[in-house]
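In structure tokens below, several structures.
Note that chain A is present in both complexes that follow, paired respectively with chain B and with chain C.
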Partner chain A sequence: MRSSSPTLRAALVAAYVVGTGALVAAVPRSLPAFLLFMASMLLVYRLEVPPRFRAAAVFAILVVIMPVVGTSNTFYLEVATQVGIFVALALGLNIVVGLAGLLDLGYVAFYAVGAYAWAIFGSPQALKIWPAATAIFPLPGWWFFPFLLVAVALAALTGVLLGLPVLRVRGDYLAIVTLGFGEVIRVLANNLDKPVNITNGPIGITPVGRPPLFFAPVVARLGVSTEPAFLYPLYFYFLVMVIVLVVILVTQRFKDSHIGRAWEAIREDEAAAVAMGIPLVPMKLLAFAAGASFAGAMGALFGAKQLFINPESFTFMESIGVLAMVILGGMGSIPGAILGASAVTILNLQVLKQLSLTLNAWKSAGVSILGFNLADLPTQLEPAKYERMVFGVILIAMMIFRQQGILPSARRRMEIEEARAAAAEQVVTGGSS
Partner chain B sequence: MAGLLVVQGLTKRFGGLVAVNALDLVVAEHAIHSVIGPNGAGKTTLFNCVTGFYQPEEGRILFRGEPIEGLRPDRICRLGITRTYQNIRLFANMTARQNVLLGQHVHLRSTWVGAIVASRFTRQEELQAHREAERLLAFVGLRGKGGVLARNLPYGDQRRLEVARALATRPVFLLLDEPTAGMNPRETHDMMDFIRRLRDDLGITIGLIEHQMRVVMTISDRVTVLDYGTKISEGTPREVQGDPRVIEAYLGSRRASGGDR
Partner chain C sequence: MEWDVLIAIFPSVVVDGLVLGFVYAMIALGYTMVYGVLQMINFAHSEIFVTGAFVGAEILLIMQAGGTLGALHPLALLAVIVLVAMLVSAVLAVAVERIAYRPLRGAPRLIPLISAIGVSFFLQDAIRLVESLWRNAFYLTYPVVEFFDLRIAIAGDIDVPIKSILVVVASLLMLVVLTLFVNRTRLGTAIRAVAEDQAAAGLMGINVGRMISLTFLIGGAMGGAAGALFGVQFGTINPYTGFIPGIKAFTAAVLGGIGNVPGAMVGGLVLGMLETLAASYMSLLTGGAFGAEYKDIFAFSVLILILMFRPRGLLGEVVREKL
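And now, the complex of A and B:
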């Protein structure tokens, strides 16, 4: 592959993208087809093709093929949207954990802050706080867009507020404090229905307002259905993609800047970083705020997309899930976080569910493997129920066989390659004294 | 003599142990000022107090006439005092170039907003910083090694890189903690030349902790001898060398520790 020309590789990628795209369109229910299609993103990233072609291929996959496929099977669009949400979350946490080296186990709290920010004001819930303000609340749908910024600002502010007292503690202690903080936010959401009903407690808030379909007239002219049930999934898909794009851009810019360097230095050796003039507290707060702001934006969007939020969406397991995505992909690596989020989300939403379905189908059909009749399997054995276990096994395997993650950052990759080269050299020279 | 750095009555305790005891010290501008003494004499503790890592219990530290005791290390670095470490403390998983770029952080004016929008100012400043990094790498003899991870550099190069990183902060006063530790005679000789160049070409005042007497006696303008946190002698290398208290401290400490080696 390496010896072939860029044009050939480009043609190959194009053929693969079009081929799998057609495959998914032809067999919209086939999971393997969808996975093959999703893998095209990886292929585009890994193969050395001209940057312009790469951009064009990504555009074709995400902006053309995916929505088209999604209209025939809206579940795929839902999966892609969820993937996008988790990509943004993973990228945010990646800044805090991967770049600045601050282990945050309560990251989902910022997601919750963003979600509640819009959910409260974009739904009749606000009337329970100010019953007289019927003229103002619930805010009309277009307020969703300003509230994206409000959510970003609120989440960032929460990040700073959490950071201020917490940043004196390091390492394990920081992890424990953030864990506690995550729980505090969830418990607050659960209990702030008395004496003033702010969050509506465990019942949650519904219906959360949605941004208006302001483009409906244009779409109608193009001859596409303006049915909200049809348009909203597409709408949210594109919104998520736009936010993810911004998030990737911001992360990349941070990473390449003096700020990213300062974060990495803090992660490498905090004392030496301070000795080189890096002001610890502002830099750590910036990492917390930046990471939190991504989660805030996605939280607001999540509420609008689901129409409903309650504290159950913001549990500790969610934080751990996002952390696992970052670790799986490769800490500090942007492509890694994207891949980790995609892989885990698809695994959870699709692969395990599909396995359950297939297994059940086999069971009822009485298929036997190596003389063992699958119908005799206990009914509890259902892959979808073992989501966390599969997850755990994957993480353990990763830590044993590929600590750097699937797509480690260039720096990590270099580190490991150089170490390997040094080891090889030592073997060749018979080992130095 | 006003002195670039003036230490007055500095005391640092760790529990019952007095690491530095009522120390007075004046480092003249453009001097190479060595601090020597047996192991545990309080040399590194003194460095740590000057660079803000330890808060001294008593005493004052004046840098260019301004008190700096109690300031955070990053503030002190900004004022122009930078250090290297006895056991090299590079950002091991960052490249040589990134290490030097990091050292320039205090002089970068870009904000986080500039970083996000990649403003023209930020881009130009970054470009300038990269040029400066290459220049500094070349200055310490690491030309062409900017892309190598710090941890993968040979030992001698790591020492040089640590100096390059320190120089990137544009120090007025550079503290070198055993810069020739673990070096062979050839490398040691190069390092001595290099330290002189820092002073002569860049006008940096040097504070030096060193165990190799040959190095100390050759390049120092002034030597301070510590023992058990107390200054027992001070003067030119020749004066210190002939001081009976110094001989006593060195030989005495050997006797006390059971005649090691």
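And now, the complex of A and C:
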């Protein structure tokens, strides 16, 4: 492959993208077709093609083919939107865990902060706090955009407030404290329906306001349907893509700045970083705030997209899911976080669900495997419910077999190899650390 | 303030606090001993605990189905489920160490922790899978053994169920045995030596790997026993039951001073007692504005406060700081 010319490779990629795109359009129900199509992103990233062609291919996949495919099968658009949300979350956590080396097990708390920030003020819920303010609340839909910034600020502030007391503790303690913090936020969301009803408790908040379809007249002139049910999935898809793009740019800039280098120095050796004059606590706080802010923005968008939020969406499992994405892709690596988020989300949303559907179809058809009638399988066996097992296997397998992840960042790879060599040496000499 | 109410329920609150405290103490031992030898949070310990609870439930349910539940004396029944739960949990804990932690020896600290989180999640769904296949249900309820629910008077007209007393006595017994084992036997000394300095212990002829396995074995056994006792006391379990008690037991271990065996017991008792008091009185004290639903927050606040103001715990930590 390496010996062939860039043009040939580019043509190959283009053919693959168009081919799988057509395949998905032709067999919209087929999971393998969709997976092949999604893999085209990876192909574009891995193959050495001219940068301009790479950008064009990504543009074609995300801005043209995906929405077109999505209009014929809205489920795919939903999956792609979810993938985008999780990509942003994984990139945020990647700053905290991957770059700064701080294991945050309560990351979803910041997502919740963002989601509740908009959900409360963008829905009649605010009236339960200030019953007299009927003239102001619920805020009209266009407030969603200012609230994206509010959510970012609130989440970042929460990150700093959490970080201030706990960032001095040892790394593994930090993990447990952040976990506790995540649970605290969830318990608060569950119970702050009294004495003052702020979160509406376990019932959750609905309907959360949506940004207005200000572009509807333009779309109508193009002769496309202006049905909200048709436009909103597309609208949220593009909103997510824009936010993801911003998040990627911000992360990249952070990573290449002195701040990113300071983070990586802290991750690799805290004592040495301090000796080099890196202000430890401010840098860690900045990592927390930066990571949290991405989650805040996505939280606000999540609430608007779903129309409904309740504490169930912000459990510990979500935090670990995002962690699994970061670990799978490779800590500290931006392409890794994107790949990890896509792979895990698709696995959960599609593969497990498909497995459940197939199993149920086989069950009702009375298929038997090796003489065992599948209809005799217990009804409680639902492959779609085994997300935790997926996360667990990913975490264990990656730690044992490939700590640097699938698409590691160069520095992280070096670091892990160094640690391996040091460990091997220690075993040989039997020396103490 | 209704002082009469506060005072009237106090003795039974204390008993509830003791029961919870002893359960936390037994789970906390697993965390603290493993942290002592490996400087690692064994995140999967909560699932070792839940496994014990499921083993206990399965034994009782199978006996109930066979109609033999009444054949054994209830005390013998309790002994059987606790011992079998200890055995299964201990074996599982050792297996987990072999498969998921041992290959990571010498890696940066967060690596085994992440692996442990993976094991924790994997085991939760593994238990669910096994129970779904075997029983077509993964929320289990302990069968009623009438003897356990008999109430006996402890002070005046206050009475508590026998099972609460049994849980306290059984855990007290095991904690005493464990303390004697760690402090008075050669194996216990060897474990402490490994916790102190692995390399030096190795040079003294101690098989370090085997001592680490032994630590997981003991921690797992205590966790399993705690699981079975938890089930007897509280009745309903599911594969995800262990998460909250696990975090709280870890908090107890930190509260007592991580790596410190008596500290874990003290921490467990203090946390169990504080939490029960908070759960019982919070609602009365705040006029109903905040109730028992905040007891989990309470435990986490305790954790954050200790880490801020007394990170070495009440009795001091026994951990070698690696640089």
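One rule holds for everything that comes next: the second predicted complex is superposed on the first by the 388 of 433 C-alpha atoms of A that agree within 3 Å, B and C clash if a C-alpha of one lies under 4 Å from a C-alpha of the other, contacts with A are read in each partner's own complex, and residues count from 1 in each chain.
Everything below uses one rule, namely that contacts are C-beta pairs under 8 Å (C-beta built on N, C-alpha and C of every residue); 3 or more make two chains touch, one makes a residue touch a chain.
These numbers were taken from a predicted model, which means no experiment stands behind them.
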item: Which of chain B and chain C A:279 touches, first, second, both or neither; value: first
item: Partner chain in contact with A:367 - chain B first, chain C second, else both or neither; value: neither
item: Touching partner for A:271 - first (chain B), second (chain C), both, neither; value: both
item: Which superposed partner A:261 touches (first chain B, second chain C, both, neither); value: first
item: Partner chain in contact with A:26 - chain B first, chain C second, else both or neither; value: neither
item: Which superposed partner A:165 touches (first chain B, second chain C, both, neither); value: second
item: Of chain B and chain C, the chain that contacts the larger number of chain A residues; value: C
item: Chain B versus chain C as contact partner of A:187, first or second or both or neither; value: second
item: Set intersection of chain A contacts, chain C complex versus chain B complex; value: 271, 419, 422
item: Residues of chain A that touch chain C when the two form their complex; value: 101, 103, 105, 165-166, 169, 171-173, 175-177, 179-181, 183-184, 187-188, 190-191, 194-195, 271, 316-317, 320, 323-324, 327, 377-381, 385-389, 391-397, 399-400, 403, 419, 422-423, 426-427, 430-433
item: Interfacial residue positions of chain B with respect to chain A in the complex; value: 51, 53, 72-74, 77-78, 82-83, 85, 89-95, 98, 101-106, 108, 110, 112, 115-118, 122, 126, 129, 148-149, 151-152, 165-166, 169
item: Residues of chain A defined as touching chain B within the complex; value: 250, 253-254, 257-262, 264-265, 268-269, 271-280, 286, 290, 411-412, 414-415, 418-419, 422
item: Interface residues, chain C side, partner chain A - complex; value: 39-41, 100, 103-115, 117-126, 128-129, 132-133, 135-138, 197-200, 202-203, 243, 247, 250-251, 254, 289, 293-294, 296-297, 299-301, 303-304, 307-308, 311, 322-323
